[in-house]
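Below are two complexes that have subunit A in common, paired first with subunit B and then with subunit C.
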Partner chain A sequence: MTVRARAVLGYGLLVGIGLAAPFLVYPVFAMNVLCLALFASAFNLLLGYAGLLSFGHAAFLGAAAYAAGYVTREWGLPTEAGLLAGVAVGAGLGLGFGALAIRRSGIYFAMITLGFAQLVYFLAIEIPWTGGEDGFQGIPRGKLLGVLNLDRPLVMYYFVYAIFLAAFWLIQRTIASPFGHVLRAIRENEPRALSLGYEVSRYKLTAFVLSAALSGLAGALRAFVNQFAALPDLYWHTSGNVVLMTLLGGMGTVTGPSVGALLVGVLENYLAGLGSWVTVITGTVFVLCVLSFRRGIVGEVRALVKRSF
Partner chain B sequence: MVPDDLLLETRDLTKDFGGFLAVKHVDLRVRRGAIHALIGPNGAGKTTVFNLLTRFLSPTSGSIWFEGRDITRARPAQVARQGVVRSFQISAVFPSLTALENIRVALQRARGGTFRFWRSDRVLEGLDGRALSLLADVGLEDQRDVAAVELPYGQKRALELATTLALEPSLLLLDEPTQGMGHEDVGRVAELIRRAAAGRTVLMVEHNLPVVAGLCDTITVLQRGSILAEGSYAEVSRDPRVLEAYIGAQA
Partner chain C sequence: MTQALFGQLLVGLINGSFYALLSLGLAIIFGLLDVVNFAHGAQYMLGAYLAWMGLTWLGIGYWVALFAAPAAVGILGMAVERLLLRRLRGLDNLYGLLLTFGLALAVEGLFRQGFGISGNSYPVPAQLTGAKNLGFMVLPIYRAWVVVASLVVCFSSWLVIEKTRLGAYLRAGTENPRMLQAFGVNVPLMFTVTYGFGAALAAFAGVMAAPVYQVTPTMGSQVIIVVFAVVVIGGMGSILGAIVTGLGLGLLEGAAKFFWPEISGTVVFIAMALVLLLRPAGLFGRQR
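Moving on, here comes the complex of A and B:
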């Protein structure tokens, strides 16, 4: 099988599962998985292709959720405007955090992003309109283009799915674009990229803002799915979770983060009855993954396929 | 020497690493079109000079002039875009990229549009012709689809040189281009450098004296961060101070 045929088959399978999902599982669950998959894919753009480990991506997801909720519930703007607000807030925060964080690398970069994210978390606790511990509730789903009623689960599902596919396409396009090639070169040998005349920090910042904007899209979308925005979205636990999903599925693979998000989503949803044991189980899965198949699920499958063809 | 003839000049260049003067008051003058060698015992400050020239390090004092412009405060990428391109002591390739892709990274920068994340990478195929001819120049045309990490050492260095030449630099800075090479590879790389030097200026750090003798028209000898002697190979190799400091130190 050629690479292209394999890719078509792989994507075809994914699209098929996505189309059938709301008939197989609870639609709200499927939508939440899609939002997390988009979030993890956006995160992977930064970690897997620019080599930057951010530990503050919860800020983009969470802040965008509040922003989308605010402009629709308080100002009565349509859902589309809510999504745009989420993307704008994600990109804006990404530009601010990123401009400062990319001056450092490795653990220092991670800590700066974590610090900023915690700042946003405490702001959300302090600002009155966020609803504090209760969260920002009653976000209206509204009507798509003023016509399609998004309160109907199937309509909402396919809306979320369409946005997921579009964003996913943009991410994989970015990876394969001229920009993506430069990003890979920087990740592989930064001093060399610099000596070839690339202003390395501008490329990193662009990748950071793109990743933050797409994380914002995921956050805004999720606010409409669940009809609320809450503090846990902003908490550092969410930033850790996205690292987990990405590594589990396969960092630096196009579909890996989505697979990771699905797995984590399934674990959290179907084992919810076990209470705090879920954390122990996901933790164990994570440790096993890092110890025994470091390339992640998709990464290992890809290596296996490469060997056998 | 007519000052107009100078492509690169440093004035009183000094680098102080917390009390250790790695480079002391160096006035280096590189003539346009020259193949200029920087030699000296280990720890003489050769690589530090390179890092200062390419702005990977900032000098403590002194200035650097290229084409009559002061580049002492320019950013590394700016210096590279002005035509000062370096190679590294340890071969610098993009390991998981193929040989062809390595060259394309360099060609892409000159082409522009490197921020276009929404474009397909098929637009890069337009660079393949030039990339292949650069690969052929260094004898790597059959390795176009081999990941750089899998190339033997000598070919990695050849790939690095081809990538550097893809930028058509007016000043080529080579940091120990033959280091760690077998006899056969040394001869090949020296020949590559000779061809690459046509129409441009080369400043190279090199330990292999036969290579220096065969290639370079001007030689600057550094010792403990200062210039000890300068001139042609014949002049420098007769200089008693050089014999004592350099050859004597090696014996």
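Moving on, here comes the complex of A and C:
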């Protein structure tokens, strides 16, 4: 099989599973997994390709969820506007935080983004309209283009799925574009990329804003799926979870983060009755991944396929 | 008016003492091992819980716990370095951060499962109860003890690192571990002991914190995120810088609680943003 044929087969399979999913599992669960997959793919754009470890992506997901909820519930704007608001808030925060965070690299970058996310978390507690511990509830799903009723689970599912595919395509195109190649060059050897005349910080910032905007899209979408936005979305556990999804699935692979999101989603859904044991398991999986599974599932499979053909 | 201000500044000074102790440990570990120890918060929490468990279950008092808990956590830390962190040497230092993050999650989850999220209180030791009226404010004795003891521990660590032979090895290892090994120093052992020492420092801070705050499973993650911001502001290049920045930011937080309470939880992060804007390498740091 040629590489292209294999890719077509692989993507065909994924699209097929996505189309059939709402008939196989509870649609809300499938939608949540899609949102997480989008979130993790957006995150991977930054970690896997630009080599920047952000520990604050919860801020973009959570703030966008609140923004989408606010403009639709309080101002009565349509769902599309809510999504746009989420993307805008994600991008705006990404621009602000990114511009400051890229002034330092490596380990400091991770700590800075973690700090900024915590800042947003504290703000959400302070601001009265977020509803504090109760969360921002009763977000209307509305009608798509004023016609399609998104309160019907299947309609909502395919709407979420279409957005996921579009965003996934955008991410995949970005990775394959010259821009994506420059990002990889920066990841591999930053001084060299700089000496070749690339404006490294501008590339990093663009990747950061793009990743934040797409995370915002995921957050806004999730707010409509679950019809609420809540503080845990902004908590550092969420930032850690997206790192885990990416690591588990395979960072620097196109499909890995989605696989990781599926696994983490299943884990959290079916083990929800176990209380804090979920955190213990998450932490342990993290340790095991870092120790002996650094390529992640898709990375390992790819290495296996490469060796056997 | 001034009573309240000095009261808040004292609380700030105490928080600052803990920031200083914790960022000192982080800086020592990072300097030698090139690992950002995310589990530092968990080790602090472990220290507090060991003290609490010792008192509640076994009747072991504060003064014993002050040495026993750090020793236990230090040994645990050495095991973590020897069994887990050592395998990551030579890889990108992000993996060390991720590994210790996973450990922190697991430990916090275990304690949440075992003790719930509500806090346990730990009594102030009998010798240090009561308060002194200084005229302009009332000073609880235990709080004064926390500040003095942390300062003593911080500055003696600094003295050991700057002035003794052992410290010279540590500094040499920070600069160039391979060269140091070539001179016949057992560098891998030094790595293990240093990580253990850092963990013990965190646990020491935890025991000291137990009578001041509630002992809760999340106390570690709450403080570690702030301490990371402290480290970004101060830069991890200088031990003294870590101590000074920790104390300073604690005081800033205290002042914020008095003048503008709404931002007291976020003022450290705002300060971090300002420092990044004006002095990206950190107050005492070298750009690396």
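Things to note:
Keep in mind that, in the parts below, the second predicted complex is superposed on the first by the 309 of 309 C-alpha atoms of A that agree within 3 Å, B and C clash if a C-alpha of one lies under 4 Å from a C-alpha of the other, contacts with A are read in each partner's own complex, and residues count from 1 in each chain.
In this text, a residue touches a chain if its C-beta (ideal position, glycine included) is under 8 Å from a C-beta of that chain, and two chains touch if they have at least 3 such contacts.
Because the structure is a prediction, the values reported are computed rather than measured.
Of the two partner chains placed by superposition, A:R152 touches none, neither subunit B nor subunit C.
In the superposition on chain A, contact is made by A:L100 with subunit C only, not with subunit B. After overlaying the two complexes on the shared chain, residue contacts for A:G180 are found with subunit B alone; subunit C is out of touch.
Looking at the shared chain after the overlay, A:R294 reaches subunit C, while subunit B stays out of its contact range.
Ranked by how many residues of subunit A each touches, subunit B and subunit C are led by C. Look at A:R6: by the touch rule set out above, it reaches neither subunit B nor subunit C.
Subunit A meets subunit C in the complex at residues 53, 100-101, 103-104, 106-108, 110-112, 114-116, 118-119, 122-123, 125-126, 236-237, 240, 243, 247, 275-287, 289-291, 294. Interface of subunit B with subunit A (complex): residues 54, 56, 75-78, 80-81, 85-86, 88, 92-97, 101, 104-106, 108-109, 113-121, 123-124, 163, 167.
By the touch rule above, subunit C contacts subunit A in their complex via residues 30, 36, 84, 87-88, 91, 93-95, 97-99, 101-110, 112-113, 221, 225-226, 228-229, 231-232, 262, 265-266, 268-270, 272-273, 276-277, 280-281.
For subunit A in complex with subunit B, the touching residues are 170, 173-174, 176-182, 184-185, 188-189, 191-200, 202-203, 206, 210.
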